[in-house]
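Listed next: structures, encoded as structure tokens.
Common to both upcoming complexes is chain A, partnered first by chain B, then by chain C.
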Partner chain A sequence: MSDATGSAPEEPRRDESDGLLDTHSPRKIVAWATVGGLAVLLAAGALFPDSLAGTLSDVITSRNTLASALRLSVPIAFAALGGIFAEKSGVINIGLEGLLIISAFTAVYVTDVTGGVWLGFGGGIIASTLLAALFAVVTIRFRADQIIAGLAVWLIALGLAPFASQVIYGGPNTSTVPTIGAISVPVLSEIPFFGALFSASPSVYLLFLAVALSWYVFERTSFGRWIRASGENPKALDTAGVNVAHVRYAAVLLSGVLSGMGGAALSLDLGQFTGNGPTMVNGKGFIAIVAYLFGNYNPIGAFLSTMLFAGLDAIQTALQLQGIGVPRQLIRITPFVIVIVILALVGRTRTPEAAGEYYESGEE
Partner chain B sequence: MSVGDRARDVLARLANASATERILISTAALLLSILVGAVLVLVAGRMTACTPNEAVYYFGTGFCYDPILVFDRLFLGALGDPLSGGWSPDGQFSVTLRETTLLIFAGLSVALAFRAGIFNIGTQGQMVVGALATAVAVLWGATLVSGVLGTVVLVPFGILVGAVFGGLYGAIPGFLKAYADANEVITTIMLNFIATGVTLYLVSGVFKDPESAANQTVPLPEYAQFPTVLFGGRQDFSLVALFFGLLAIAGLYYLLEHTAFGYDVRTSGIQPEAAEYSGVDAPRTVVASLTLSGALGGVAGAMYVMMILGTFQTGVPSYGFDGITVSILAGNNPLGVGIAALLFGVLKSGTTVVQFATDVPPQLVGVLRGLIILFVAMPEFFRLVGKRITDTGSRAVATDGGRPEPAAGSSGTSGDDGGESDE
Partner chain C sequence: MATAVHLDGITKRFPGVVANDDVDLAVERGTVHALLGENGAGKTTLMNVLYGLYEPTSGRVLVDEEVRSFDSPRDAIDAGVGMIHQHFMLVDPMTVTENITLGNEPRKWGGLAVDRAAAREAVVELSDRYGFDVDPDARVEDISVGEQQRVEILKALYRGADVLILDEPTAVLTPQEVEELFGVLEELTAQGKTIIFITHKLGEAMRAADDITVLRDGRNVGSVKADETTREDLAELMVGREVLLDVDRPPAETGDVVASVSNVVVDDDRGVRAVDDVSFDVRAGEVFGIAGVDGNGQSELVEALTGLRRPQHGRIEFLGDDVTADSRRQRIEEGMAYIPEDRQERGLVMDFDLTENALLGSQHSKEFGPNGRIDWPATRTHAEAIIDEYDVRPPDADAISESLSGGNQQKFIVGREFERDPELVVASHPTRGVDVGSIEFIHERLLELRQQGVAVLLVSSKLEEVQGLSDRLGVIYEGEFIDVVDPDETTEEELGLLMAGEHPDEDDADASTDATESGSAEAATGGDRP
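Right, the complex of A and B next:
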């Protein structure tokens, strides 16, 4: 127990973590390479302000970049947190993308009908949780293959949201609704770069809270221990008198709640749901999966790797506006390429022992 | 790797189920999806506005969409209304066959990977890459040959190009899985996005048709497209392409069941440890299966360009995802893919008829796609329902999931399935 579960919540950048993790793990190399690369780039930018490095470091140190990185990371990080709960309990939820899509649409729809943005936010959470509940019943009660059922969740949402939008709004895009708006902390929001942290959408603060709470749940509560045991050694949990199925239901529903917050924040940030092609969610749910794998199932690690993806995304958006040589369409695919590169480098992640397996209790 | 293990687990479970049971489950899943779809149509009909005259009334409540009309249009409409007389092969029926042809290739692509224990969600991307490569290569070839000779040379050439490029694109996640242990579900989905982005870049730049406002390549000349035989050309269907599809079904069936490579693929799908023990080169099999799977996806792309569109345009319909449904509905059996592709072809072609007749959005088929996958993925549910129906004598069904014993027992009764006999 101590070895296996001890390594899982380790934060990627911390050194001397544990004998199990090789000191030169690809995860750490990537993390340090990112930090080192940033340092070199900023130094070069400071020395040669007119070069490409200068433009890049201008973009990176811009307050707007941090602000948009935070905004972009909200849906991904929420979904990643949800994914951690589900997968740690032994249910791989590959349908996060679908949960984001359904909540993004419902949030806008409910806001439109009720006129209340926060009611819409709640509506998004409920929709996502219901879909997660369907997924939970199908995988836990009816033993469906988790990957296939997760794909089904994605495809159902991918069909259902544009279908509903077409029925209600006459097109794949909804009409626009009021947005959540930003909350500015006086004084603190005046700080040059980091001021962006204190002048953000409430969903960003909600995310900080969710990251901290998730960390607390896993590290300090018995529910967190149950979830871990349910994924690592369900038999032991069962023997200890805790119902494995109940723990898994709770974890999957939590993944629905968290993803719902992410999806609702995504669409209410824009005030519209766009449902063409891959919809406005556009792969964020899958990036979330890679984010928590890269973050080693640790809420803080997942948040940091989400910030890495979102930061890159924010930088590419800023670069598009700056008009450097690379074509727009190619810059746009960088996050997806990065995901593949990271996945190739990190390679084998230590998934929870019993993840993906149906657990059948002896009794009942 | 866990995902692979799970695929194998599914396969093993499917292998336990007899062919009859599998067909029953697929049929039940299809019917259940349609039932849920009907409810959805009713609900959607409540959410949209219409005049009282247009509405239909069930249980004393008015609905704007009539599910019975919807499914009448969906199925009979897709077959070209065979009951109402005046049936012509040139109507909607040829659209159905056209969709079926593409779905055969997309379905085979997914099925082959699945049999090797790999989830290839990237058929869509492989198809897009194959489609653009075919359009560009055939356009170049069309400057060299023309006329009947042009068709005879260019069509096979286009298919080959589509297969090669789709195959190369499929090889990428293959290598990543085999040598870097990167989860293929994620990599293939990411590669779908990348394929869309890169082809958009290319087709809005170097390969763009200067005459057109859309992001598309220069249209292929008539002789560089699939010839129409028997069916009129109005619906862009070619019997030749369908013939290629049937050939591919037979070919893949033979490859999987009667060759050494097929044996390697199947054993690595069901029992990877046993496969490696008996000398199967696992990484090589992974790369080969995904390459071949990608090649089939690429051929679907080639068909799309040379039969349907006559050019490459951004926004390729999601045949790749439909292929997942087709393959899962078919139990990943090549012969089953043929039937499942026809069924799903009816659904796809029918939704456009439905849209004309009833205003129900065509996205309905997207929902059905997901529902079918969901229901096929839970055979336990149908077993439970089945037990409830058959076990009238004994106590009511217990609340536990029902152990898989009944399935294993029933597999003894019919061993007629060609596929899974060896473990």
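Right, the complex of A and C next:
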């Protein structure tokens, strides 16, 4: 981006307004309010260590909180990245939850059979991609309604994974398998608080890479532009000589690959797939949709909003353990309440113009 | 001069229709060639054949005197033929540069990145070469329609087009933008590009084209040089008979005041004042015209009168009653018919058939909806009567509105509104985007109503239309009536000045018809003042 001479002053402005920090945007207000609120809280906590503020700031500044927030955000952020690719291309993929479930189970199963954690990780990706491929074919080729097909993906996975577990392991939960070990970067992992960033599971590093690469694809490559055009005005892309169906297939398959990484990382982090009720995925695929909407379809924005939700969840868990005199059930719902408030404040997200619409080339 | 495009005996049949019947067309390199014809004459079909969207049933396409067969627009583009559609094929949130290079991005790093500097460079160079004024970094959604059109043209040029087909390029442009477009076309032909432009407007074909080919019912009925023909000749070729461009209007026999608008103030959607203290009366048996350049408050004024928008101040009386607070439904029932300016948005439900559309506005009436149940057979009979009486084609009450041409859609709306037996007809741009034959038809019907003693409020930006049909003419500028004049006593030039906001004289601001002559004379001299 440094080689642009005349365009250099223009470009950064454009990138900013694409993302989180558009001037006047409610997102910016929320971001600043979060920072400001944190600062006030931390100051209060430092002054009155024994108060509620003190407990809260202890929890927030704890390295464990950051570590568990990162761990929580991995499946959500991967699925959100996948959702961005699909929806930007014009295919709304609300089956992310299903993709996470199927990959979470398959990753454990393949690890169990082969004994290789990374083989299991790959197996999870393949399972999720295959299910995404099915979704792509019915929506792109057979013009099925995207929302209904997406729900079907979720329901198929929700039924299939526990059933397979029942057949293979005799119960909804699989047996335990080896987990992916954490990798600590020497020196950097010693830093207080932020050290958690450098002493994490490889899946966290993989996520950082995926976020950066996704951003690069959208902002800098032809393929990224075609995805955007395909979701905004597929006819423009078609008349420019690019096959819209091919672009959409690629985008939906990518959403399968990314969600697969998320699902596999989720179960291999624990070494087990638990299939009771909503399974161990437990709505993370749906939170991912909220995350990328809140992040305005920007990979970095989606990651940051995922971190916000995951951070709130981590704080909530820690507070439950601390016991601050508020009923647990109330503490447990705080992240969701905050998410709803934030979404209400942010208001409308600009969705791609042609998202959800079937496109047939040559229609006049 | 060499022939850039030669269509030789093109016939294109669709099931049940012959869209093009043995059409020959030769376009010289470096010229502007207008393809003129009424809606449904087969102009766009012919160009879609040239652009590779349709395969001709028979006939040959020659580009640069070489026979070509295009399976897709891609092939046509590769052969140097580009088409700018009526509806732009642009991605709104993307920048001008991104749109122009879409699908053909210059790349670097072995294709891993778009070479944005090179892309911008190419766009700047192209727009400089043809004297286009576009900002390569602006987002398409932020620029005007005229600029968007230039982006479309640049897109075709970027892909190496030598022949540019423009489908109704002026339909969406303001008069100034139309002039700019014609300037662009001149520049392009000066540099050897060939332009084919599709239009149904005589004046534009005469103004911009070197050669004109007229299509009628899918046939080439004549190719002429623009400077060797007249408007009347072209109009006759288009419709196949003598057209009375001047309307024959018997003197008005006016009756009581039907509608009275006093001191009305209306804000637009953004809360900006659109109509500022306007008053006028419309009497039975007269056509009161409102002339003005689009966007000077006409739409808001009409919406206030018809009950679609609540005025901020003022009073609207209809048949002697204050109807300012009445709903749209009440006003329909009291006898106010309305031909909306946007027929596809407000006049019809596009995916309804004509029977269903015939019901719109009458859904509460006892005739079609007794006891809350719709009487479909009666509605259908009504629709068929409209179709028959107003010559709507195809004559099929089950036809989906969308499948009709613009002119036929409009005739159907006109019929539906007139058949309400109204006391007042509010006709907003009743002939916009309508072919010559239908224009004439609609004008005749409006005058017939007037003869029957109906009050007519006519809003139009077409000067000849308001001038030809109106008995009195209010000129609106920036939400205010500049003057009310007698159209027969006022020249086009004087009206043009009024429409541009040149106030004749403060004393004559409220002048009615008798003060016109002196007022307009003042306006003519007033134009010289700084």
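Note that the second predicted complex is superposed on the first by the 332 of 364 C-alpha atoms of A that agree within 3 Å, B and C clash if a C-alpha of one lies under 4 Å from a C-alpha of the other, contacts with A are read in each partner's own complex, and residues count from 1 in each chain.
Keep this in mind: contacts are C-beta pairs under 8 Å (C-beta built on N, C-alpha and C of every residue); 3 or more make two chains touch, one makes a residue touch a chain.
Values in this document were obtained by computation on a predicted structure and should not be read as measured data.
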Under the stated touch criterion, name the partner, chain B or chain C, that contacts more residues in chain A. B
Which partner does A:V242 reach: the first (chain B), the second (chain C), both, or neither? second
In the overlaid three-chain picture, which partner chain does A:A344 touch, first (chain B) or second (chain C), both, or neither? first
So in the superposed three-chain picture, is A:I147 touching just chain B, just chain C, both, or none of them (first/second/both/neither)? first
Please work out whether A:V117 is in contact with chain B alone, chain C alone, both, or neither, and reply first, second, both or neither. neither
Name the contact category of A:Q329: first (chain B only), second (chain C only), both, or neither. first
Scan A:L160 for contacts with chain B and chain C and give back first, second, both or neither. first
Just which bits of chain A does chain B share with chain C as contact spots? 364
Write out the stretch or stretches of chain A touching chain C in their complex. 1, 3-7, 10-11, 14, 220-222, 225-226, 228-229, 232-233, 235-237, 239-242, 350, 353, 362, 364
Please give the residue numbers of chain A that touch chain B in the complex, ascending. 92, 94, 134, 138, 141-149, 151-160, 162-164, 166-168, 172, 277-278, 282-283, 286, 289-290, 293, 327, 329-330, 332-333, 336-337, 339-340, 343-345, 347-348, 351, 355-358, 360-361, 364
Provide the residue numbers of chain B that touch chain A in the complex, in ascending order. 1-3, 5-7, 9-10, 40, 44, 47-48, 119, 121, 176, 180-183, 185-187, 189-191, 193-194, 197-198, 200-201, 204-205, 315, 321, 324-325, 328, 361, 363-371, 373-374, 376-378, 380-381, 384, 399-401, 403
Contact set on chain C toward chain A in their complex: 48, 53, 73-74, 77, 85, 89-95, 98-99, 102-105, 107, 111-114, 116-117, 120-121, 124, 136-137, 139, 155
